[in-house]
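You will see chain A twice below: alongside chain B first, and alongside chain C after that.
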Partner chain A sequence: MSSFPYIHISCPCHEDRPQTFTIDSARPISPSKSPSKHDFNFLPTDPHTPTKRRTLLGGFTPSVSFDGGNLGLDLDDDEELTDEDDENNFDPRDPRSAFSLFPIENLLYCEDCHQIRCPRCVQEEIVCWYCPSCLFEVPSSTVKSDGNRCTRNCYLCPVCTALLAVIPVNHSSGHSDHPTGPFNLFCSHCHWTTSDLIPPIQLEKPTSISAQLSKLTHSPQDTEFIRLKQHYAQQLGNAQEDFTNSPAALTRLMGLYTGLGSGSGGHGGSRKGRGVKKLEMKEVDRPREVNEEQELEIVERMAVEGLEATTTAKQRLTQPHEPRFLSDLTPTAVLLRTKRSKRCRACRHILVKPESKVQTTRFRIRLVALNYIPSLTIKRLDSTITWNNLTPHKTHRFLLTVTNPLFDPISVSLLTPRRTPGTAFASRVTILCPEFEVGANTDVWDDALMSTKPAAATPSGVSTPPVAGSFASFSKDPKMSTVYEQKMNYTSVVIEVVPPEIPDTRETRIRDERLLEIPIYVRVEFEAEVDRDDEEGGGGKPSHSGASGGAVQRERVEYSYWCVVGVGRVGDPVEGVVASEPNTPVRTPVGTPVKAPRTPAAMRTPLRQVRS
Partner chain B sequence: MSQKSEYIQTETGNKVSRKSLIIGSQNIILGGKTIIQADCCIRGDLRRLVPQGQNAAAVAIAVGRYCFLSKSCLLRPPSKTYRGQFSYYPMKLGDHVFVGEGSVIEAAVIGSYVNIGKNCVIGKFSIIKDCVRIEDGTVIAPNSVIPSFSSVEGHPGIVVEELPETAAEMLELKELYKSI
Partner chain C sequence: MGPKRSGASSASSAPLPPLKIDPTTVLSDAISFSGTYPITIGANTVLHPRCKLNSTEGPIVIGSNCIISERTQLIAPDIDGLVLGDYVHVEVNCHIQAARIGDATSIEVGTKLGKGSCIGDNCTLSPLSTILDVGVLPAFTVVYGENQRRMDTSATAVARNETMLAHIDCLKKLLLNKSEKYTR
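Up next, the complex of A and B:
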């Protein structure tokens, strides 16, 4: 995985299979009911309450009573509680999770399904082929006929894969205006040239290298491949003629395969129909011949030239004739690259469509998750924290920032299991202010506002009193449990992590127990204009519907997703820092709802829900 | 956070470290809001050989906006002998180009939104297109072309990964400029 800290978002596709059989067996949740409503029954339904609630949180009343009442705070209950957590929470250590976790940059968003789409749940279509070296587009007909390699002058060094340059064999002729042949292909990285070959390859012209090389380096394997290809192309042609037009196509097709099952039985011309005399070339059945003399020669040559003269597996396998010696390698033509458009697998709508011109990096359609779902970032609040060496039993404070890409203000709830799931060495995690609002994104980037540094943070006059100041001064401040910093379209809150002591045994190393990953359930609610849905497919951002004429209806939209915060690695225990208190932080329960929702239930419904 | 006094700020918002070594500054164009850190060396003196009598506008190195040249990197126009005549050729960097510590750049063209890691060598006359990430320690062979949306790694550098569609946002350096 990448370096710390990282935040990966779970694509709902990872729940595709389990949800088919866990829905009924588990807690009954009516599909019509919003799962989040069910699971977050302590959440206010009134859109304005979050603000109110935050002030209430200062006195800790509602949450504590909730926590205490339903789940208890005793340590005795903890075991049970952890078990339950494991069952309900997204477990980043689950092997299944590994396939669905992506950084937000890699995710797309389908406007019709209202779902995150990861690279696994999109379908790709090739827009154009091009050579990554000369950047010329190759028409798909050429790709079909000539293969997926550059047919111009782009060749790679067979030894080190760098690009080859054409240079005249005779350097002294460089003084003349037009260097005369013969020419070599020369690798400016490892200084391999085609004259190193046995026999050396020298080109007459510095242009149309492909044509010249194909004449010079023609291995028996190439000839065989061309013959095979021709044969099967012919077969395919015959077959299409036979089977697409004839009414008895299916019967004949079936008969063809059953009759040919035993191999050579099909070679007789007794069967009616034209093109079905034989399907395979005769040579295919023939055993591959090994010329003993040739092999002995190779062994002897190895003995003389040593291992340095032999090819590596990688070098050998990129060549059709699989040469054993470096001097038998031939330049490889550059593989083509593609530009691809991407479709949602569920609804077939296009999510990404690049411009077909090779050299442009623009997109006609680009529905990326970055423009639709709030993104999280994490920072150290205390700069003495080293990501790769978190002290056990010490409370580490991080700053979790939620940035809103939408043009509507959103209210966010962050939920995390109190103990990280899926491991015997669970860390305690507390989000000090789990519910807050994030302002709307604006069309006009106000640079002045953006550039204010956190140190000089002044409350931007919105609903909350952000706390600014040095770390020491507010570490005891009860206000820390409120929003730490709130700016235009992002809000930061504090997250506390107390990692446990993890012994350095073989087993823990194999399981990588010291890796500290925190699953966080992000739930977003906002009011959007209804006509927003009509603007689909317009590409780009979920635009600020400035021209929305007529009656503007507002609707409440909510969606939720799991993400995993890779906070770092737990280090060795430090003298003096011991688990003195009960492993609970002082203000534990404030906002950390122990019960995060069942993932399948949450994900069964579209990411984005519209409530009337 | 660096000290304010370490950098000289130009009218267009470029911040050039006093400890950097810039040679032939009359042949260097900085697009604005570009940061040049300490111990960087930019060889503007290695410019194209102009035949006597001609007075061509000689730009050796052109750098776009919001570029970031980390400590002790070297920008050096590529050179070759063409028709018996040794000459340097201009180098062009696009916008939002990040050059990591200790990297040596001899490219002909580097596009926009390019991130070059630490201790890389970008060979002579190589062309790097837009939206490319070059991992730490990569050596890009001379004359190579790196297409858009590539992540390059190795020795010689080969494309190991395709970058997502959001590459331009990921590699943007506006925030980095503000943090200095």
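Up next, the complex of A and C:
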């Protein structure tokens, strides 16, 4: 389990129907409009029904609804709406969700599909193979023929896996530029040398080590492997001959599949029935030979040399001949690594393409989600909160910060189920001020050079940012009034969480009921210039609009995603902190004894104004 | 009272412990000497800036041709003191309260040697290894990985000593010798 707090973003690939951007210039979306049921129509329905989830919970029916209370909606009265929203809710505990939740750093973004792409929905292609030690590129044909290890001079210590160096065996005190052999491979970390082996390996030249080593280390396993390879190559040769020469090859190939489908019993019969010659593949059916004398010898050697002389399982398994004694270990060649490019599985466009040159770490293409979707971070507002031990029935206040990577100001709506879904022990969650604006991610240079950005692009709140750490006092826009902090390209709002008392089920169940995860639906709207250059337009450029060049058109772009905030674990109940009346909305401070000694009145009053 | 010490040690006004320093020793700026027991440093030894030698509990003896790196603390554990042999290389950020460290031992970055531990000759302690209090390492031991140990049979000790000498020669060119600051 990752440490708290964490924020994972749900890739849309977990849904049956891919969720796409709603680029809707015809329908004007006023930023002051509160999200209603209508706004969620574009949300794909969960592939699993809520009834199924309820049976999982043993008859418990959580009353889950979007918290519209702050926005002037009273969802308590509307049972239908509650049920329908329940269907739309993202359940972070659903087994299916587990596969689609990733930290934003792991996500890519496809500019053509306008979608988040997780590691599951990209396709990897190997750009090149290289040795991480000598940084030489290995052609893929060589990889196929010689295997996936460095064939030059790179070897690893079999004891501690550090890189081996070539040193002369007989140390000459004179500083000669050309040391004379024989040479050893020496591990500068654990001081293992090839002289430790029995018999010791000594190289004649300090170069072309692979060629020298392959002559010197020739175990019976190698000869066995060569024998097997020869055998199967011969078989394969026969088989290929069989396939290419026989006119019925294709039929027989197809017969292989149909035969498999009809059950394993009827294989031979069906093939014979079609009159196809049966291909005979002979196994090297020889049992593994255990030489008794050899084994006894090993036992005796163990008795003499003790446990210290034997290899650990890790050391043994990295060697092809699985040696039991340290003196039988041979240097292992360095495994090659790959550079990979990544494609979107849906549209086949390249999302990540590294420079094919091994020495450079640059990328030609790198569409990471961090540059396209606003990222969320969560902080404690009250430093006495311990993430691993949240007090039941206490109102915990956290600061949710939305950072805008785009070059356009965005308006963000955060929606969360009032009670965390998917558990019998739902916590009550309230986002104070769920709708707000986040300023554009302007460069420092832009500010310095006084860019040509229109003044209207800057949201009203940004021009006069409130003092950090203080609640914005009454501004004219009531929507902005409860924003905690608004700076250049980020905005922070307060989120309140009241966890219930939860029994500790870690021992008895697989699922940790005390884990408090809050699903938050993030909806982003912004106006993007249609005919912008790529480097300017960020991710929000709608591709389909047919705007003629020159005229700057602006279009409203809207997209949304689910994310899950792992707030922490609920701890044991604390005396004195009692449960408030169930089903009382958390946001009403009156009547809830546990909350709000520190809450400034200014934080709440505007909310009332909105509602009235 | 000797001349004022600069750097990290200048803040404290405590007097220097009695120092017995060979004239060929290189002492950098801002070395912190503290304690009351004598500190002896052998010939051709290099002390990097900001290393700390504490002789409050006992004397410290450093042999010849040693390198003591930055931010390393040498603390004498008891009245018998801390004795470093010759050709000892103590890397950056080590915390050493050992009683004895043998000749040609290499102690790498961030190693902790417990109180009164005893390290033999020609040992190698890989980065971030830890020796418990009163621990004893026999000669030619290599501590590597997750506190695994093996015997060094590579016979590279002579070569490593030569490398040490070359290293010290290089350091002598690079580091400013401020040993007159510490000598009274």
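The rule is simple: the second predicted complex is superposed on the first by the 373 of 612 C-alpha atoms of A that agree within 3 Å, B and C clash if a C-alpha of one lies under 4 Å from a C-alpha of the other, contacts with A are read in each partner's own complex, and residues count from 1 in each chain.
Going forward, a residue touches a chain if its C-beta (ideal position, glycine included) is under 8 Å from a C-beta of that chain, and two chains touch if they have at least 3 such contacts.
Keep in mind that what you see is a predicted model, and the values were worked out from it rather than measured.
In this superposed model built on chain A, chain B and chain C take up the same space, so to speak, and clash.
Legend: residue contacts after superposition of the two complexes on their common chain; A:Cys563 is shown touching neither chain B nor chain C. In the superposed model, A:Ile167 makes contact with chain C only, not with chain B. In the superposition on chain A, A:Asp196 makes contact with chain C only, not with chain B.
More residues of chain A lie in touch with B than with the remaining chain of the pair chain B and chain C. Legend: residue contacts after superposition of the two complexes on their common chain; A:Leu370 is shown touching chain B, with no touch to chain C. In the overlay built on the shared chain, the residue A:Ser133 is in contact with chain B alone; chain C does not reach it.
By the document's definition of touching, neither partner reaches A:Val402: not chain B, not chain C.
Judged by the touch definition given at the top, the superposed model places A:Thr361 against chain B, while chain C stays out of reach. Within the superposed three-chain model, A:Arg337 lies in touch with chain B and out of touch with chain C [touch as defined at top]. In the overlay built on the shared chain, the residue A:Ile378 is in contact with neither chain B nor chain C. Comparing 131-139, 149-157 or 167-175 from chain C against chain B in the aligned model shows that the clashing stretch is 167-175. On chain A, the surface patch touched by chain B in one complex and by chain C in the other comprises residues 160, 189-190.
Partner chain C is touched in their complex by these residues of chain A: 159-160, 167, 171, 173, 184, 186, 189-193, 195-196.
The residues of chain B lying in touch with chain A in their complex are 81, 83-84, 123-124, 129-131, 139, 141-150, 156, 158-159, 164-170, 178.
Contact residues of chain C toward chain A in the complex are 124, 126, 142, 144-145, 148, 150, 152-156, 158-159, 162. Taken in their complex, chain A has these residues touching chain B: 105-106, 108, 130, 132-135, 160-163, 165, 174-177, 187-190, 337, 352, 354, 359, 361, 363, 366, 368, 370, 450-451.
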